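Below are two complexes that have chain A in common, paired first with chain B and then with chain C.
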Partner chain A sequence: MSTVTPSRPGTTTTPRPASRPPSRLRRAGAVIAGIALAAAAVAVQAVALEHEDRLGNLTWTGRIGDEVVASRFSARVTGVHGAKSIQITDVTDKVEKATTSGLFVIVEVGATAHREPQKFGPPVLLAEDGKRYAATDKVKPSLTITHPYIQPGWWTEGVAVFEVPVAALTGARIVLPLTNGFFIKEANLPEVEIDLGLDDAATQRLIAGAEDVYPMGGKK
Partner chain B sequence: MTSPPGGGTRRRRPVAVPLAILAVATGLGITAALGGFAKAPEAPPEQLGPGATVDQKLFLTKFVASRTAFQPDVYGGEGKRFLEIELEVTNKSDRTQLVGSPGHAGKKGLLYAQSLLKMTPEIKNEFGPISAITDEGVPSRQLHPGMTATVVLRYELERGQRAPEQVTFDVGVFDPEPPGFSADPDLTLEPESDVEGAPPEVEARVTLPVRRGGTG
Partner chain C sequence: MTGTPRPEDETPRDWFAPRRNTPPAAQDGPPPLPSRHAAASPALPRRQPAVPAVPAAPAVPAAQPLGSWPPRSRRVFSDQQVWPPRPAPPDESREASTQPFPAIPAAPLPRHGFTAPPRERVGGPAAVPEQEQASGPASPSPPRRRTALRLAGVVVAAALAIGIPSWDAHVFYRSGNPVHTVHTVEPGGTGTLMQVAWQVKVEQADSLPGLGPAKPGRQWLKITVTRTSLDMEGVVRSADPEIKVKHPDGRTWQTETVGKDLPLEIKEHQVGTPYRYDVIGVVPEEVAGQVQVHVIPNPARLSLEKQSVEELFQKDPAAEKPAPPDQVLLFRR
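So, the complex of A and B:
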């Protein structure tokens, strides 16, 4: 389209056209920059936080017997028992007996709050293979550690009751989270994760020592 | 960057682009003739009977039996009649799941029992079925990982309503890794097709004869 007559090969004196097409080098540079930007976009996706990391709890860990100090409360596990069945007596002296195809695990926990009263959400038994067992619904929450407010100044004691296959016991940990709002959820709440100290020998002792009937509730 | 001097060489015809277009068109034509890119139609749902086990990927469900049941009224009323369906459910997922409720009256169900997509014939009542684990002394609604529980679905029969001779369940399958960015632990059923909002795939149809418990 240029009005300049094409120069013959060898002659270099003719002025170049005003708008010359971009050189190959420049075009290659643009392509490389494009690829680099696209790759960077993909790479950024990979470092984006997972659902669990964005909204999951902040976890303080410890072992059975330790006092695990989290940001808003401290908790400790004082004992672990096994049971084949649980006998629940309600306030009207009605007796119910809960059974399981696995084993009931009763974890004795204590907790104290640092500044404001706290309340626990449903505890979880975290097996070594990552499976999460929610606290059993066969025992009413009013009989467990999720019921009372955890107050500052003294230790509140209670139990968490789980129902698990015996194969899930070795290496299990208890996770105590705080309750979260029903409509407005708070992200990154504190929780404690306490190793129950169940090595192979302790697991065998727990199974062998499991009570036939573990009584709960009733008038005190 | 200049054309070679002299004009001796024959001008080349640009054939690469037309050839490529032709190849793509042929490929698309063959694909279209074979039914396009849509998912090939799956085999029709398996027809199963009592005692059959359906692998729902996150759960294993055995359809044990169906029967009528009578619950006397402790206060001296007429009592209630139910159609009961007994299932043995093994949780293969990595967390405790809740039983939930089966699909009923055209509405989707909840949690585990949403995989029981539809029961035919439908039993109409106000509240729909009740589902729970009832054989462990205290009723429970939890399915713990690695454990098998006996789940009972109860459909209340109204006065004078006869229980059907047999019931058939459309059974769906859970998607262990549902699409989407959030790793929410929600239970999601595998859809029939990739179209947005497609109904869940019916993996199996299980028919259970209803055993009459005297009062059915």
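So, the complex of A and C:
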């Protein structure tokens, strides 16, 4: 039972659109806007940074021969060699031989720290297709660049040894990260990524020039 | 959508004829649904009981909208009859109520929080406030103030969203990297921390046994750190310290402890007897005379007695929360 009086002609000349319920068009628009917002929320979740992107290392890049200056250390690659096997002499003159079905890639690396002593974690060979090869465990870490402290004031030289299939060589880059805590990890540590300059010709030269036996260790 | 005409509705509405009780001026856009047209005209305070809305047109009584069961919004008033479908009132307004309240001239009511502000602006803010407060879920404050409130909310929320994780990360960082309190010791002097007296002697060595001469441009440092426990409290703090070589410009070098003559058993540790750590380090030649030794005593409290397994799991209030290693002795040269 309505008690509303009929509208007076005089007042109808200034209609108040605001008092009307939302039109269908508007309601449909609201629904579409709601769906769009929900879809946008899902899409934003999809582009959110992954754990690795948020806490992973910050990478400085360069080419072979360059001195790449990262936040806490500088690094450079002075040479790349290939080898079909590696002969390791330990301090007691015991000789071991490491062999591979692929190729050992020996990267000569130098590094210096800026303020505080640093230590490298296991280096990674990053193939052009994105595959990552960790440094081989056939060579003891004490013989590689991961062993000495990288200290300010001078360059520490060492090698990183990888065992990779020959096909992964072209376009490969070496990644040198720092060690991180075992339990408490620091986020966004610096790392250096250096292009080894292995185009097709250089790769062929590396494979052709691979030594049969590469000696490592022994008394210096 | 359209219901069948009710039996008493003798002359069904001619849907293609213009409306009789609505001035055409009130319509804008497509012909509104029957239930809507009245809302276009503001309702007036009603004093009359329900009379046929348009007496001049008895042939088509006010039941004209009755002819249909109008599609209406799903918004249902709590006091409205929903079933069986009630004949729509002759001049139905959206804001019509069955309550015997006088009708308040139709004011735009905010239906949703997000659509409210534009409406108010369209309707003209002059008429808004008292009607808003008079009915229903009105906005808490005038639109302009709410904009400021929202802006302030955005600012506060953004500050919190950035600040709280940052503060949390900083606290976490500080748990592993405490702020060091530096106690400076004059050359040849003794620094005392936690009931242990520390002394440091630095020598430059050309060659070290087993390591040979330093590489060109570098200088071996032989550092002897001596600790003397002043009492038993000093004895229980006999965990190995951290020893660093630091230049005043902030560059730090690693040292290595190559020997120490502390007794293996803490029981044999004597109060007042100096024990020494033999430490080596290597620094660039040009700063070998300037670097200073930093000793960070380990604040861990070792147990004097050999502990049984049960005792290991018992809670020791002193060992509950070890102090952070934030006290540093800086030995000047």
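We take it that the second predicted complex is superposed on the first by the 183 of 220 C-alpha atoms of A that agree within 3 Å, B and C clash if a C-alpha of one lies under 4 Å from a C-alpha of the other, contacts with A are read in each partner's own complex, and residues count from 1 in each chain.
Following the convention adopted for this analysis, a residue touches a chain if its C-beta (ideal position, glycine included) is under 8 Å from a C-beta of that chain, and two chains touch if they have at least 3 such contacts.
Computed from a prediction, not measured in an experiment: that's the story for all the values here.
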A:Ala167 in the overlay: touching chain B, chain C, both, or neither? Say first, second, both or neither. first
Exercise. Counting only touches as set out at the top, which of chain B and chain C does A:Ile88 meet: first, second, both, neither?
Worked result: first
Quiz item: Of the partners chain B and chain C, which touch A:Thr100 in the superposed model: first, second, both, neither?
Solution: first
| said: Between chain B and chain C, whom does A:Ala134 touch in the aligned arrangement: first, second, both, or neither? | reply: first
Field: Which of chain B and chain C A:Glu116 touches, first, second, both or neither
entry: second
First (chain B), second (chain C), both or neither touched by A:Pro22 = second
Exercise. Considering only the touch criterion stated at the top, classify A:Tyr149 as touching first (chain B), second (chain C), both, or neither.
Key: second
Both chain B and chain C touch chain A at residues 9
So, in the complex, the side of chain C touching chain A is made of residues 21-23, 25-26, 28-29, 32, 36, 38-44, 46-50, 53-54, 73, 75, 89-96, 98, 100, 102-103, 106-109, 111, 115, 119-120, 122-123, 176, 215, 217-218, 250-254, 282-284, 287
So, in the complex, the side of chain A touching chain C is made of residues 1-9, 11-13, 15-23, 30, 114-117, 149, 151-154, 181, 184
Per the touch rule, the chain B residues reaching chain A in their complex are 2, 5, 94-96, 136-138, 140-142, 144-149, 181-184
Per the touch rule, the chain A residues reaching chain B in their complex are 9, 50-52, 85, 88, 96-102, 127, 130-134, 136-139, 163-165, 167-168
